[in-house]
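Chains: A, B and C, in written order; residue numbering restarts at 1 for each.
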């Protein structure tokens, strides 16, 4: 039925009338319901495309997908003629929601806590659900981001969020998904991580300083392991001395036990090798975030089965003599070597909406188009261990879907409909509202 | 007759006593190096001959010259006598450099105010190095031990760095050192570090340009005023602009520090714009602009501080850029290429920390295309010509200043060793180096 | 002696190795014929299955089944797209330094004095189909230095880069960068004026007032000195002369600006003194005052979708290009970044996504419009017979994310070719291996440690005052 279209139009016009305060904020998130997108091309990602099919959404989940799917009674329908349905895109390397304006509005910057060891800093706590970045990002088809803190050595814990919700709790898919560690950097200068001291100019000194920092991390992880055992032992046997709680060590326990992944920010070859080695030594489950030199370390990454969240596809090559397309073709090289990876913007927030362009560039330089799409949908879901819920259009998964009038990765396509958690999302944002306010000024 | 001779003797003695120039002269000032190989540079090599030094000058040099009876004789068997080597660009004899301000540290203490100037320090072309040079010191000795007898010395800092002097590396007073001053105006394309304008390379060029325009106007205004001062407000005097007038009129050469192709091109452009008599100092990539240097007749004071890698290999380090690798190899070839292109050049030490590398590096340029004859010329007659002292230095000819470099073996041979230098006719014996070579 | 011979041999080997990429070989054929391509002319629509003939540095012919001569190099353009070389109207590539920040008015400094032709990012930009750059002074001053328009003739001498006949220009800057750059470096040193947008206006007003008086002084002198040769001429002031040129309409003003109020401010000042602003650079709130910008006759050179990186960018919207274009403003997309400059094709395509500009309107954003803004539209900006042969061959439509550049031509010479780049890589590797053996390049066993490598900052540069080229 056309009810859904009407609903969206009404909501749109109501919001449009609220212009004067052009910041789309929602006090009430749209309700779940039953929806059917019919006669559309369905790009499931996990299987072959369905040229003419139907997706049924119910109570937040994908209920049915196929060429001959029956539409439940009472479902609001969307005519998908000429349109394509994709899973919502996932960016696994952002600070989404933690910073509004990085320069000149320090009050809006919540990415990096003081001190070097902050495992108890949880990104989900500080995510601002009403950040303008969230609205402008989701209307481009990105439905999920991993939001990570930055700074120090152990920055904190990253959260996987839906880009929809009026509170962090509503947004959280996995509130504490990964520990984030800044592997000590070989290169200095340029964009910093806040907590670091002035880096020595001399490489040997830098490496020595890095070793000391690594030792700090090692020590606290060992402490956490011992802490965890002590807590468990006491829980079983109350006759033992009662160990005090530690807000710093407690959150580390699942990570040091390898139950949850640890993200290491590392770009250069030495950093990636070091991170992989360190993770093996400390029995952690590593994920590399960054990975500019990953192609050089591909065999090691494959051997140790360490996945990479590539953020530098659109960065300038690391070294003067690097080939002009060294980073463009990073993803293709990892694919060829059998290394697990996904593609991310690596951005704090404002540029996350360009995720498709990062994937597209990788495809322009050797990554097959289907894999480029997976790199921003299924692969990040798999790497983050949420592929049971996200990343493709399969029955039972969360209904995070985006409907376009063309190839999702192509910039010339337009987003027509958006669902997050099976809720229809109005395609307005701070930017569409400013556009509406000024486009007719004569 | 005897009376006259006595008077003459007394007068001569008085002249000796009173003349400052002779104040520290050794009583014996006549030397002869006999049985030596003499490379005069101005003529063919004399396989075995004698050089006579008297009164600070070369008295004679030749195969048939004999040692005068009053001469102290040095047996030149196995020795080669060359004209004293000239280092065409140094900072020798300058007072200690002020420590550079550390970034983020306390603000630099304001320097004691210098003589009145309309310009801030660093933009004062009126500064002359002859006013501050001091004799003696370890650096001068190190240069002498390498075989250098004469050096151009210039200030270290500033944009208009001031006016240089040519000094002999001997003498007990600054005046005795000076062969000629001023030699040239010196320019470095380095912004001021005081936080004032110009604070970037952009501003450096604009400041140089503006001052040269102002100097042109200053000269014209002064001429107009001098001709008919009545009825006209007098223009302010300005020593800085006055010092630039010989520069913009092409009477005083300008030495600009430039090593990369683009730095040299910029210097050439500026010189063309203001019709300056340009000399390039550094010149590491001068071969890439050789055509233009030859066409504009710009000589090069070519640095022998050849780039070389100083770092160890560390696995975590990036490989060095190709650009740097090429640069190091190509720098050795510059001298040979300049010679082939007809560009006049002279060698300079270029702030070598280890002066004993000077001749070794010169040998490398010979291995990379420079002829040995040209290499020697680049240490002797060519710098003399470029710096305007070819009538006094640069070759072994009677009447020229007795600056000589005496070598056991050949100057550019790895086994050659400098045994003596003569400067202003005064000998220095050079002991063999005690420390083992690095 | 043996060592001497070894060194000689080594030198001989080095001498025969292919020349470095910096001294790129001139890839000239007198004629190049691209056959059977899709030609995006910009001004005459899209031509299918069309040939383009380049001769003597110009586009000699565009049409079907063109003839080739024996000397013509023929390129099969089947499946390929040919478009004009991209023109980046806001670049800081190939400059040894970007800002002279010590004074509020630095119109005496010239970017042409600090060109660095060996900047490797130039090559990377060629690989993105860019052929012309507007090299601008930074945004540290209300009135900054003089610009340079260049063709990216990577490998040639600096004077060959200069774009023949380009109008001279100058950089102005308004807003936060100007106010920020007055932060004192040393305690006890006064801040540089201005500290507010009020002061920015006053700085510009004062400079033009002085320029106007300076012009009058010189006009009076020239008249008087016809009869009296004994007059002392006024001082030639290299700071004020470019401002006089602006007043006389001989120099374009490119004004970095963000918010609507300062855009209007500068229009008012310009109107008052009787000159025109040629482009507002960035102008991220230009959409709010599009009609005023159009009425003044200024163009706008903007980012496609960057926003929120500082407060004055918080109201930026990606519909900016579309709104201003429809209001009659000549709009271009620029990079202000060596990184973004490599993908201006997609930046232009964004205006089709946000704002629904047509393909032709979007193409103009990186071709004809920046050419107009720089006064070079007679020579470049579209594929027309007689214009300079500054073009790029793409393996797909330039607005597709999946496309990349095959070959970039400037004046008919090849300055980037992907196949050649790939072929050169093993040669460069061999050259490196040989060079690393040379004595001056060998590592010293007891040597000092190498420097810590520097990391390039990612993301925006935006005339960032602190970011100097390494």
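To be clear about the criterion, a residue touches a chain if its C-beta (ideal position, glycine included) is under 8 Å from a C-beta of that chain, and two chains touch if they have at least 3 such contacts.
Bear in mind the structure is a predicted one, so any value in this text is a computation, not a measurement.
Participant: Measuring centre to centre, with centres taken as mean CA positions, what chain is farthest from subunit B?
Facilitator: Ranked by distance of C-alpha centres from subunit B, the top chain is A.
Participant: With centres defined from CA atoms, tell me which chain sits nearest the overall protein centre.
Facilitator: C
Participant: Tell me which of A-B and B-C has more C-beta pairs in contact.
Facilitator: Here the pair linked by more C-beta pairs in contact is B-C.
Participant: Can you work out the whole-Å distance between the CA centroids of subunit A and subunit C?
Facilitator: Inter-chain centre distance comes to 34 Å.
Participant: Mind checking the centre-to-centre distance between subunit A and subunit B? Centres are C-alpha means, answer in whole Å.
Facilitator: 64
Participant: What is the distance in Å between the mean C-alpha positions of subunit B and subunit C?
Facilitator: So the centroids are 42 Å from each other.
Participant: Any chance you could list the residues of subunit B touching two or more other chains?
Facilitator: Residue numbers touching two or more other chains: 314, 317-319, 322-323.
Participant: Counting only residues that touch at least 2 other chains, which ones in subunit C make the list?
Facilitator: Touching at least two other chains: 428, 432, 448-450, 453.
Participant: Return the residues of subunit A touching two or more other chains; collapse runs of consecutive numbers into ranges.
Facilitator: Where subunit A meets two or more other chains at a single residue, that happens at 186, 203-204, 268, 319-321.
Participant: Could you list, by residue number, the parts of subunit A that touch subunit C in their complex?
Facilitator: 100-105, 132-133, 136, 185-191, 199-206, 267-268, 312, 314-321, 323-325, 346-347, 349-351, 353-354, 356-357, 359-361, 363-365, 369, 409-414, 430-432, 434-435, 438-439, 441-442
Participant: In the complex formed with subunit A, which residues of subunit B make contact?
Facilitator: Listed in rising order, the residues of subunit B that touch subunit A are 314-319, 321-323.
Participant: In the complex, go through subunit B and note every residue touching subunit C.
Facilitator: Residues of subunit B touching subunit C: 107, 195-203, 205-206, 209-210, 213-214, 217, 220-221, 224-225, 227-228, 232, 235, 262, 265-266, 306-314, 317-320, 322-323, 325-326, 328-329, 331-333, 367-369.
Participant: Where on subunit C does subunit A make contact in their complex?
Facilitator: The contact residues of subunit C facing subunit A are 120-121, 123-124, 127, 176, 287-288, 290-291, 305-312, 314-315, 317-319, 322-323, 326, 338-339, 343, 346, 349-350, 352-355, 399-404, 421, 425, 428, 432, 448-459, 470.
Participant: Once bound in the complex, which stretches of subunit A touch subunit B?
Facilitator: Residue positions touching the partner: 186, 203-204, 207, 268, 270, 319-321.
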